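Below you'll find a set of structures to go through.
What follows is subunit A paired twice: with subunit B in the first complex and subunit C in the second.
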Partner chain A sequence: MHTTSENPVARVIWEGSIPIQFIWDPTETQGRILEPYFVEVPRCSYLSLITSQIRRDFAAKRLGFTSDEGEMWFDYQGIPLKWHYPIGLLFDIHALQAKSINKETMLPLPWRVTVHCQNFPGEKLIKNPTLKSCQDYFMSMIKEADYLRNGSTKKVMNMSKSDQTQLWEGLWSKSYEQFWGMNQKLVSNDGTMARSLPIRIYLPENCPIIQDLVSPLDEQGQPRTLRQILHAAVPDLFPLVDVDVGSSSPVASVLIHGIKPSLETDATWAAQTMAYPDNFLHLVVVIE
Partner chain B sequence: MSSSGTPSSESPPPTAPQDPALNPTTTEPTGPPASPATVIANHKRKDTSKVIVRFRAIGNAPIMKQNVFKITASNKFFAVIQFLRKELNYQHSDPLFLYVNSAFSPAPDEIVNNLYKCFNTDGKLIVNYCTSPAWG
Partner chain C sequence: MTSETHQHRQSGPSARLSYSDFEVAIKAFLHQTRHHTPWSYVEYSPRRGQPLQGYLTLTKLIHSHHTSSGATSTITGTFLTGTTTTIDPADQLLLDELAEQLEDIPDGDDYEQGEETDPVVENSSATTFDYLSVNYHIVFSPSYQVPVLYFNAYRPDGAAISLEEIYESLVPEEWRGAIRNAGLNGGISQQDHPVLNTPYFYMHPCETVPLMETILQNNGSPNGTSFLESYIVTWLSFTGQAIGVSVPTDMVAANGQ
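After this line comes the complex of A and B, so read on.
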């Protein structure tokens, strides 16, 4: 029915995963050190999707603790992790991007994430990190992306309720076929050119996210490249041409799903193939 | 949320505000490129320019007499939600749902300026609000 299985890049991205070591906040376990919980998590997944299995582990180990009533939240090196962001994006921002700024050389794997069940940081994170909220934000992102491509959300709204649910269910059950069976029509825009590409750019140190209207074609009618888009957003970090290739190395590059793509990549292809399941191409800028 | 981010309720100006971010000519490089540290510091600086937001009630949501406001562009959408709740005198527990262009519900941490740049209609960001979920 669909040609989704013919897309090896999308499949490799779908299968990308990160080993995470979940550590219990010792102040919440009455000083007792609990064994960490190790799990390999899909990059495309969300923390809210694995909360219940972490809770089960906690319940099995806690031996008399009663602190699992509150909302579960996570931090890395003291920075609360946004539960409505995909895990791979969180890792690229908080581990890889920060590493480039701090000039660290060690790859932070497994990723050591601290688990909390108390003192939810309501001023830093969106409240109510339930599975249902996560699904709502996920669908909102897909609609926002659709609006950028089409100037309306007709493509998503014309999907049946069960087809819409299939996107989330596919993510939840880690089924590439189920998810991409639906997602392909959205990201390819049914074969018509998008008005604008759903792209977000993340600069280091928690700078405001950059999102703007980005047409798939440049002024010459040529497919716009990642470099052109990054140049328009942050010209000082991304010159249009690599001046004197060899003599000066680029000051910045960009991560998508943990890898550095060529900046000459066609942005439309990247948006269709390398977007997260939320339909946005998330570009994480790293300083070289 | 800083106090400078509080939306103001004065009447809208006759024309759209001059947002330097929307004027591409100001981004032309004029010398050697700035260092990454400078670029990051510049992006972190709080922009105090404002954009126009028009609220539209949906369904049985209460209608506002004055529904056009100038809101600080660098604010998060959360500030828009808080502002509307205050205008409507809604308690924290009262359900209120906000949408852009009757289409999607931005996350509270999205930047107002990004929403304005991408989704404004004739220089206004249209925010619909209702007391029960609409549009999926």
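After this line comes the complex of A and C, so read on.
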């Protein structure tokens, strides 16, 4: 197994977590006010991975509760949360990005998420948010990232079934060694330069997600920085050079796992180290 | 700019498309199919200050016949223009009328002989006859650099149908096994539409490049333009059949050379 202890940044990211306060939709509890359920969850995890423990808590508090895992869904401030996004990405989009738009100063922690077991909003959320669906979606993202790096999905498709499972099992069991032992081969592309970097950019207010083809090197053959990529995607928010450094504050910045990295960061390094387990570097744009 | 920088643009045609290739291909396809199929071109602004992009949409009624054994066959019906995604109750009468006009052309082996004489007599009986309004989108995938077929199918009451129901009432029986077993998770999945950001089903695109490369190699040496202009017809004739969108055979022949 590949040793991964030399990558402290990846480990810190893996261990990042968010405290969540799950609140039951009062219209679904026959008027009873149930105690919220508090839990600290890994940023890299998915809502579908914690559904069963929420159901257990719910069942313990409420007699006669019946609902299958495919029906449970979540919202934050009335907006349904996409179960196929990593939890950290959901928090950065719905809590931190929205906070930057609304000019709020309070950090919304614990994150107050409402739980529903009825009226699944199928027009807004992908249906059937089971563990199996989540695993399928996760693997399809891994495949897409592989396609971007290599121009085919051969690397993932040629993995043995148990190697593929190791990725998901590592995520599911929160085992850094198990996950990164397998994932390192994928993100480092076995030491060869990727054709394109798997990057998605999330603008505020539900704009279409930006996913351009981004090569690791710029026209001068230099490693591309996050700033160059953001400038190409949204030039008015990310000028290429801060002309008067210090005289004007930047219009926008990006969040990766809740932090604002330097825009001069090498994008290849970021994509290999700061990607979510789905192998995509998810950049959430916040307005300053 | 990033989309062009890393690609070595070959002089000949390529199975991988840039967005501008895709736009040429879908506009050619719109022109070729204008008398057959009312595809429409939808323009959208991907982000402020950038050129508009487009995708194609088609809404089509598909008559699905449920036999008593629960097996089904799909029957291609009348086209509806426009890009409606749900059926308004106000459109219900119109839909009912259209459903009555559907030609009942069996295409599956499981079709039971005795039932095909008069399909519309009991049109109010949802348990016997059903039709779906299917909304198809042809959207460019920047990752895979190919067109991707997105779709949602709705019952007459406007409810979207599930993946299992898609296999049963939209995918012809002879295709089901192959599509269910394709790739890691089957050939059809749900994901967010890249422009609308709401759930749609889609046909997995990761085999499109190998498919189109095979076509390109077996087609002699067409010049780049004609390969691009026939790209969508060729691709759709493989990808669309399984979920009820067909390309007239004379067009495939005319464009395949």
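One rule holds in what follows: the second predicted complex is superposed on the first by the 280 of 288 C-alpha atoms of A that agree within 3 Å, B and C clash if a C-alpha of one lies under 4 Å from a C-alpha of the other, contacts with A are read in each partner's own complex, and residues count from 1 in each chain.
The working rule: a contact is a pair of C-beta atoms (placed from the backbone, for glycine too) under 8 Å apart; a residue touches a chain by one contact, two chains touch by 3 or more.
Just so it is clear, the structure is predicted and the values come from calculations on it, not from any experiment.
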{"item": "Three-chain arrangement built on subunit A, subunit B and subunit C clash or fit", "value": "clash"}
{"item": "Subunit B versus subunit C as contact partner of A:204, first or second or both or neither", "value": "first"}
{"item": "First, second, both or neither for A:143, with subunit B first and subunit C second", "value": "both"}
{"item": "Touching partner for A:215 - first (subunit B), second (subunit C), both, neither", "value": "second"}
{"item": "Which of subunit B and subunit C A:239 touches, first, second, both or neither", "value": "first"}
{"item": "Touched partner set for A:229, first subunit B, second subunit C, both or neither", "value": "second"}
{"item": "Partner chain in contact with A:182 - subunit B first, subunit C second, else both or neither", "value": "neither"}
{"item": "Contacts of A:252 with subunit B and subunit C, given as first, second, both or neither", "value": "first"}
{"item": "Partner chain(s) touched by A:122 [first = subunit B, second = subunit C, both, neither]", "value": "second"}
{"item": "First (subunit B), second (subunit C), both or neither touched by A:98", "value": "neither"}
{"item": "Superposed model, subunit C segment overlapping subunit B, candidates 3-11, 93-101 or 201-209", "value": "201-209"}
{"item": "Intersection of the subunit A residues that touch subunit B with those that touch subunit C", "value": "82, 84, 126, 136-137, 139-140, 143-144, 147-148, 152-153, 157, 164, 196, 203, 206-213, 232, 234-236"}
{"item": "Touching residues on subunit A, where the partner in the complex is subunit C", "value": "82, 84, 122-128, 136-137, 139-140, 143-144, 147-148, 152-153, 157, 164, 195-196, 203, 206-215, 217-219, 229, 232-236"}
{"item": "Subunit A contact footprint on subunit C (complex, rising order)", "value": "1-3, 5-7, 44, 46-49, 86, 142-145, 160, 162-163, 184-185, 189-192, 194-195, 197-199, 206, 209"}
{"item": "Residue ranges of subunit A in contact with subunit B within the complex", "value": "82, 84, 126, 136-137, 139-141, 143-144, 147-148, 152-153, 156-157, 164, 196, 203-213, 232, 234-237, 239, 251-252, 287"}
{"item": "Subunit B - residues contacting subunit A, complex", "value": "27, 29, 33-36, 38-40, 43-44, 74, 100-101, 103-111, 113-114, 117-119, 135-136"}
